[in-house]
Structure formats: structure tokens, C-alpha cells
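Some structures are shown below for you to check.
Below, subunit A partners subunit B and then partners subunit C, in two separate complexes.
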Partner chain A sequence: MIFFVTLLAFTMFSVSIISRSTENGLSSVVNRLGADIMVVPEEGGDSVQSLLFQGTPCTTYFDAGIEEKIKNVEGVEKTSPQLYLATLSASCCDSQLQLIAFDPKTDFVIQPWLKSSLHNNLSAGSVVVGSSVNKKAGDTITFYGIEFKVAGRMERTGMGYDSSVFLNFEDAQKILESPNIEKNKDLKQVDNIISTVVVDIGTNSISKVSEQIKKELSGNSVGVYTSETLTHSIAGSIANFKDLEKFTEAISFLSAAVALLSLFAITINERKKEFGILLSIGTGHKQIFQIIVTEATTITIFGAILGIVIGAITVFPFSIVISQKLALPYLLPELTEIAGLVIKILVISVSTGICSAIVATKRLLACDASELVKETE
Partner chain B sequence: MLLETQDLSKKFRRNGHEFFPVKDINLSVKEGQLVSISGSSGCGKSTLLNLITGMLTPDYGAVYFNKENVFEMTADRHAEYLNQNIAYIMQGDGLLHNLTLSENIALIHWLHNRENVSPEKIIKLAQSVGIEHVLDSYPAQLSGGEAKRGAIVRALVNHPQLVIADEPTSNLDTGNAEKIVKILKNLSLDGTAVIVSTHDQRFSEIVDAEYILGDC
Partner chain C sequence: MEKKVSKTSIITGISFIIYALALTVGPNTLYQGCAAEKMMKCTQSLNVLFWIGIVLGIIGIVNFFIKSDIYRLVASVVGIIAGIFAFLIPTVIIGACSMATMPCRALTFPVIYVLSGIFIVVTVVNGILLLRARKTQKDSE
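Here is the complex of A and B:
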């Protein structure tokens, strides 16, 4: 019986943590995108979404002059360019990562993330690494043969930024001028390129401004994405995960209730002899009730705690692997939320166990005591 | 009168037919009396004992213990009746196999008194039936005779007014059976009423009253 309660608690805890982490990760992306509109190369839209939400490295670019055109569109308040450059798993680079270059003077998307990990501005020759990059402040890291100093490490965001490296445009330009850049086959042009322009429109109408940008840039082969269109599919995923969590909880609860009822009935039935003897020596119905309910409570508390511990040992150390396998943003819940989940699982397991024990005891005590004693003959 | 039954009857259904193993039984037992109930197997001896304990509900009739109807007792009073007023020694040993013999003996006292029985009392009772050397053993480690005598010690620890024993000498060798017969006779001589269901002819020679169940 302990094994079953452990399995139940393990399933509920693991599924809840994974679905809530995915839900948190997805919500985090939606909440923290930072830009109202993103303008990207027409053929690079999917790559940019994969980069932002799953951290899949990409190299995509268009002419930097496009930013000037966007700036002049009515309703646009701020713009800032970014350059996405995938590094290579070759001798020139430490590992395959995503480089994101930004302009510290105009950026309003990346720098808010760097505030906690970087006390001063990002100086030349320095980079900030995402939380999944295996480097710490003070380390060096090499891309396309150029060595950089790691100035800080970003906190976990649950999005593609976690596996990215941030640097300023001047350093990105040095990389583009490096002879090793030829190894990046996706890059056909190195002069005056950017990958995206992030746009802040203040309180203006996002649909009107986005239409204006599309009109202004017609014939330039660009894609104009609002934060809503970028996160539309993600919002659907969030709803799906919420449904999955509810469904799993309902199924776990129902199967636990049915299984515990059956298990308690079987266990009590196997112990008829013992309870028959106890009744024959004058044990009261209340005492029999107390014995069974105390046993049920002890078993379910122990089983539930064991299941939660095994779940924690399985899920927490492997969150990066799980995130990669799911190919979705993944952000573990806060400690208070985990504590709430633990209490919920304990309450569900124990109350289900106690209810099952009560039902089994009532059935036992409905028999004549002599019927139970017969088991001894 | 310590115990009386009044038209006590119980029917069962077997192979689609109803039959009465116990029908219109009227018996009475005084303090210090040794009463035997005999009859062939399946004639309702155990059923009658179960009815007297109140652990089986009759179809009609009544059992009076000190003029109190056993079947009108509350659940708590019935538990007290089983623990304090009578003691039931069932077929087999009826001991809890996860407790030692001394724990089995102590448990029956603790259930209603909520206090531990003194080890000296347990040893004294065990010595009276010659099982003091196996008090720390588990029932599975005891011989049939030792287990049966252990069950008798457990029955006596609360000083019941009536001891009911279901086939107390069955499956025992002659030596052990004679010990049990002697213990139960001495118990009745000391003032405790005893009802035994038995086939054992040794009881016929010493009982104060014998009821024979027939026609089965």
C-alpha cells in the first residue's frame, strides 16, 4: 500500500512541477518579451521565435538601414537593433551558442535583464552569459577565435536568453571582421547587418503602428510581428498545460480513490482474523476504527512524503534536460508555490487514505464478530 | 442465575435450504458451575457459544447475563461485557500472532482498564498453568497445549464471572488435554462459571450440567 501511495504522490508531484514549470516559462516569455513590435527578416521569423522561446541558435540578418525607416514611422517612440549570430561547435568557438548583440545606448529589451548580473555597463571585450551557459564571472570564453571576458551571469528567465551570450555591437563587429567568420555558412554578408529591430510604441495603437511599418517597409522582405502574434501560439500552449495539469490531478485523484478503496478493502479482509480476535476480547468499535484510521494516516503520510521526495530528486536536477526534451520555455515554480503543492498532495493522499479506511472499517464492523472469528477456525 | 438463554434460535442457509443449528435453546448457568455442551460436529455448539457471547445475532430469543439482555447492550457495553464479564476461548488459540504471549495477556487488561497489568500477576497466572517459561514467545513458537493454556491465562487476567471455551481439548495430546480439563474444573471450583463445548468424554465425568445438541 505504501508503494501505491508513493507512486500516486510521485506522479502528482512530478506532473504538477513539470506542467507548472512549463506554464511559468511560457508566461514568463509572454510577460517579458519587452518589445511591442519586432521586425525581422521575412524568412527568419520562425528562427527568431525558436530562438526566443526554445533557445535554438540561429543566424539571420538584413540591412541595418531598415532601422532608420522604422524610426520615421508615425507612432514609433523607440527602436533598437539586435544581431543574432550562432556560434559553432568547432575549434574557433567554445561551444555552440547564440550570440545576441545589442546597442547599449538604445536598448530597452536586453539591459533590464542584465541589471542584476552587471553593475556597470557592458564594456568592450566583455560578455554576459545566460543562466544555462557553463561559465561564471571572471572566466574567458572564445567565439570565432576572439576571447571575451565573462562579466556576469544572467538569472534564469525560462526563455531562449538562458542559453545565449550577450555582447555589444562593437564586439559583434570585431567578430564579423574576424577571418573565422567564414566558417558560419549562414552568413553571406558581414557589413552593416542587423537581425531584428525591436520597437516601443508607447501608448499608441499597436495594430495601426504595425500596419504603418509594413506599409513603409513593403518590398524589403521583412516580417513585422507584434508581441501578440509572437506569443499567440504560446498562449495556446499555456492554456493546454493548465488543462493538462487539471486533467492529471483529476485522473490521479480518481485512480487513487478507487485503488486505495480496493487496497484497504483487501488489506482489511486479509486481517479479519486479527480484528475478529480483537473484537472477541472486548475491543470497542471506536478502538478498531482508531487502529485502522491511524494506520491509514501513517501509511499515507509516509508514502506521500516518500513520493514527493523521489519526485523532487527526479524532477529538479533534470530540469534542463526536461526543458530540452519538451522544447518549451521552462521555469521552476517559486518555493512558496512548491510548498503549496506539497501540502495539497499530502492533503489529497491522506484524506483519500482516511476515507478509504473509513469505508473499509464500516464494512468490516457491519459483519457479526463471529463471522470474523470464524477465520481463525 | 448468572446466565440464561430464552428460546435462543439461529438459522442459516445452506445449499438453498434454511436450517436451524440452534433452535429454542433454553439453558441456565449459575456462578461456579461447569456446564458442557456436546453433540456431533455441525450441530451448532460453536453457534450457541457465539450467540451467548453476543458476537452473533439470533433470529429470535434472548441471552440474559445477570438479567441484562446481551442483545440490547450498547456497542460500548457489549465490548465491556466481552472484556470484563465473560472470557471467550475460541477454537485454535485465538492469540494475536504479532504479539508475544505476555503482550497478548496484557492487552486484554489494558483495553478497558487503560493500565498495565503487573508482570508479577501475569507470571503468577502463567505458573498456575505451567507456561511461565514461554511468556516471551510468539504464538507461532508455542506448542498446541502451550498456546491453549496461554489463551486460558489471557481469559483469566480480568477475573471474568463466566469463561466460555470452544472445544478446549481438541487437537491436544492426552497429557495436555488432561491439564486443560483440570484447569477448567479448578476454575469452576474457585467460583467462576465455565461453559465448554466439547466431544471429550473426560468432561462428562466432572461437569455440573450437560446439554446435548442433537438432530443435525
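Here is the complex of A and C:
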């Protein structure tokens, strides 16, 4: 019995945590994107998506003059350029990081949430690192032979920004002018380049403005993405996870209910003589009922807690591996949400156990004490 | 009394051997660490854990040839200390890669932490059972 309750709790807990983590990751992406429209190099579209969702570093660029063309499109209220450069490998780390440069004068996407880590604007010579980079404020970090001061470290976002480093365009220009930039084989041009233009359209129609931008830039090899089109593919996968969560919950619950009902019926049947003797010496029906329900409650609480602990050991230490295998943004739920889930699973498990015990007990107590003792002789 | 002692003997031996395999074979097969292009902190940590695993494996195998409870009690203490070191070596004493997404931090060491936690719990319980068995034996004498 404990096994089935443990299995129910484990399945519900792990699937729910994974599903909610992917949902949180998607919300994080949508919130952090901040822009209504993103214009990226056509061949860099997949790389940018990989960067945003999985943190795969990329170097992609087009001519900075494209931003001027976008500004002239009707419906465009604000634009700001960003530059994406993959590092060779940072001195602190043994893997590539993503450098994301932004223009402090025009940016409206990155600075609002950088301020929560910094409380001030990012000064020249300073960078802000993502949560996966093991540096803290006051440390130094070197890219392409140039040393920068770490001004702060972001909280976990569950998206590619966790393995990114943010700096302003002035510092990015220093990197582009450094001799070590030649080691980046993806970079064929260093003058006047940007990787994306983020666009704010205010209250204008997204579809209309994005069509206008595509028309204006039809001679250039660019991709125009809205936050919806950018997240469309992963939103579908995450919706599938949500369905899987509900389906798994339903199947686990039904299987556990059927199993517990059968097992309680078998167990009580095996103990008919015991209960018959108890009834014949004057133990009331209510007391018998209390004994069985208390046993059911104890077994299901123990089984549920065991299942939740095993589920927690499976999903929490390995959250990074899970997110890498799923290739989706992944942000673990807050403690309060996890606590709510634990309570929900405990309530479902205990109720299932108690209901199964009640059904089995009713049949038992319908019999006479002498019948119970006689049947087993 | 003989039955109880031999049960704890089996638990000691098997748990030590399984944990030894987890520290020696596992990081080179099922949950591989980072590709060792140069001597990195995680490689150093895994090398130390490898030798700890070898020692624990020897303790586990020798356990089947020794009938002494004292040996198993001492082995339990050694096992618990080894388990604690398995947590401390990659986190504090030597360290691992800085990036949380590197294979050593994402998979290898989390597996070792989980298995170390289970091993410590099993060893503590086994140690308690051993002490109880010795106490019962002494009382009956």
C-alpha cells in the first residue's frame, strides 16, 4: 500500500514541478524580452532563440544602419540596439559565455530589470553577470584580454540570460577593437555592427507594424519577430507539458485509488477474524472504523511524504540537467508554490487512502461478529 | 543474535561496495564529469573521491571476511566521515567548475551528493542496529 501511495505522490510531485518550472521559464522569457518586436539577422534567428531559451552563446550581427531604417517606420515609438558576442572562454569559467551589449541612452528592455541587481545604471568598465556565472560584485572578469569589474549578479531567470554578461556599448566597442577579437571566427566585420534592434510600438498594432518593418527591410536579410512568434514553438511544448501534468495526475490518482481499494479490501479480508473477535468482545463499530481509518491515514501520510522526498531528490538537484535535456526555459517555482503542491498531494493521497478504507470497512461492518469469526475457521 | 549480526554485516559490505562503485566507476561512465583537457578543480575533486571510493571498496570487501562487530562499527564511522567529505571536497575543500551549467556541477556532483546522503543514512541506521545488537548481546551475557 505504501508503495502505491509513494508512486502516486512521486509522480504527481515530479511532473508538477517540471511542468510549473517550464511555465515559469516561459513567463520569465516573455517578461524579460520587454520588446514588442525584435529584428535580428535572418541567419541568426535560430541562434538568438537558442541564446534566449537555452543560453547557447552566439555571435550574430548586421549593419547598425538598419536601426535608422526601422526608426522611420510608421508606428515605431522607440528602438534600441543590442550586440551579442560569444566569449572565447572567460578566465573564471571553463565554458563560453554570452556578452550582451546595450545602449544605455536608448535601452528600455535590459536596464529596468538590471536596476534590481544594481540600484544604479551600469557604469563604463563594469558588467553585470547572470546567475550561473560564479562571480560577485567587486570581482573582476576578463574577456578578450580586457578586464572588467563585476557590478552585480542577477537573480536566476531560467532563460539564457543566466549564462550571459551585460555591458554597455562603449565597453563592447573596446572588445571589438582589441587584438584578441580576431580569435572569434564568427566575426567577419567589427565596424558599426549590432545583433538586434528591439522595438517598442506603444499602443499601435503589432502585426501592422511588423509587416511595415518587413516591407521597409525587404532588401536586407533580417528576421522580424514579435514576442509571440519568438516564443511560439516553446509555448506549444510547454502547453503539452501542462496537458501531460493533468493527464499524469488523473492516471496516477485513478491507479492509486483502484490499487488502494483492492489492497484495503484484501487486507481487511485477511483480518476478518481479528475484527470479528474485537466485535464479539464489545468493541463498537465506531472504534473499529477509527482503527482502520487511522491505519489508512498513517500509511498514506508516510507513503506520500516518502514519494515527495524521492521526487524532490529527483528534480531539484538535477534541475539544470532537466532544463538542458528539455531545451526549454526552466525556472523552479517559489517555495510557497512548492509548499502548496506538497499540501495538495498530501490531501489527495490521504483522501484516497481514507476513502478506500471507508469502502472496505463498510463491507466488513455489514457482517455479524460471529460470521466474521466463523468464515475464517 | 548471530542472524542479526550477519544482517548488518551484509548491509555494511554491500552498501560500502555500491558507494565505492558510485565514486569510482560512476563518474567515468554513467554521470561523466567535464572533459579533462587540462587539470581542472572538478577533475582534482573526482580524483580524490576516486581514491576514497577505492578505500571504501576495500573496507566493504574485507568486511565479509571479518566477523568482528568492532570492525563494522569502525567502518561505519569511517563511512560517515567519507560521505561527509564527498560533500565537502567539491564544494569547499577543492571545488568544481564555476559555471553551474558545466557537466560536473549539473550532473556528476549532484549524483554524488544524493548517493552520499543515502549512504550516510544507511550507515547511521546500520551503526545503530549494530550498537543495539551489541547491547543485547552484552545484556544476555
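Definition applied: the second predicted complex is superposed on the first by the 348 of 377 C-alpha atoms of A that agree within 3 Å, B and C clash if a C-alpha of one lies under 4 Å from a C-alpha of the other, contacts with A are read in each partner's own complex, and residues count from 1 in each chain.
Heads up, the rule we're going with is that a residue touches a chain if its C-beta (ideal position, glycine included) is under 8 Å from a C-beta of that chain, and two chains touch if they have at least 3 such contacts.
The structure displayed is predicted, hence computed values, not measured ones.
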Contacts of A:Ser163 with subunit B and subunit C, given as first, second, both or neither: second
Subunit B versus subunit C as contact partner of A:Ile181, first or second or both or neither: neither
Which superposed partner A:Thr283 touches (first subunit B, second subunit C, both, neither): first
Touching partner for A:Glu274 - first (subunit B), second (subunit C), both, neither: first
Partner chain(s) touched by A:Asn134 [first = subunit B, second = subunit C, both, neither]: second
Which superposed partner A:Val73 touches (first subunit B, second subunit C, both, neither): neither
Partner chain in contact with A:Gln324 - subunit B first, subunit C second, else both or neither: second
Which of subunit B and subunit C A:Ile18 touches, first, second, both or neither: neither
Subunit B/subunit C common contact set on subunit A: none
Residues of subunit A defined as touching subunit B within the complex: 274, 277-287, 368-371, 373, 376-377
For the subunit C and subunit A complex, residues of the former touching the latter: 34, 40, 97-102, 105-107, 110, 113-114
Subunit A-touching residues of subunit B, taken from the complex the two chains share: 46-47, 50, 53, 55-57, 75-76, 79-84, 88, 90-92, 94-96, 98, 107-108, 111-112, 154
Subunit A residues within the subunit C interface of the complex: 55, 92-95, 131-135, 162-163, 313, 317-318, 320-321, 324
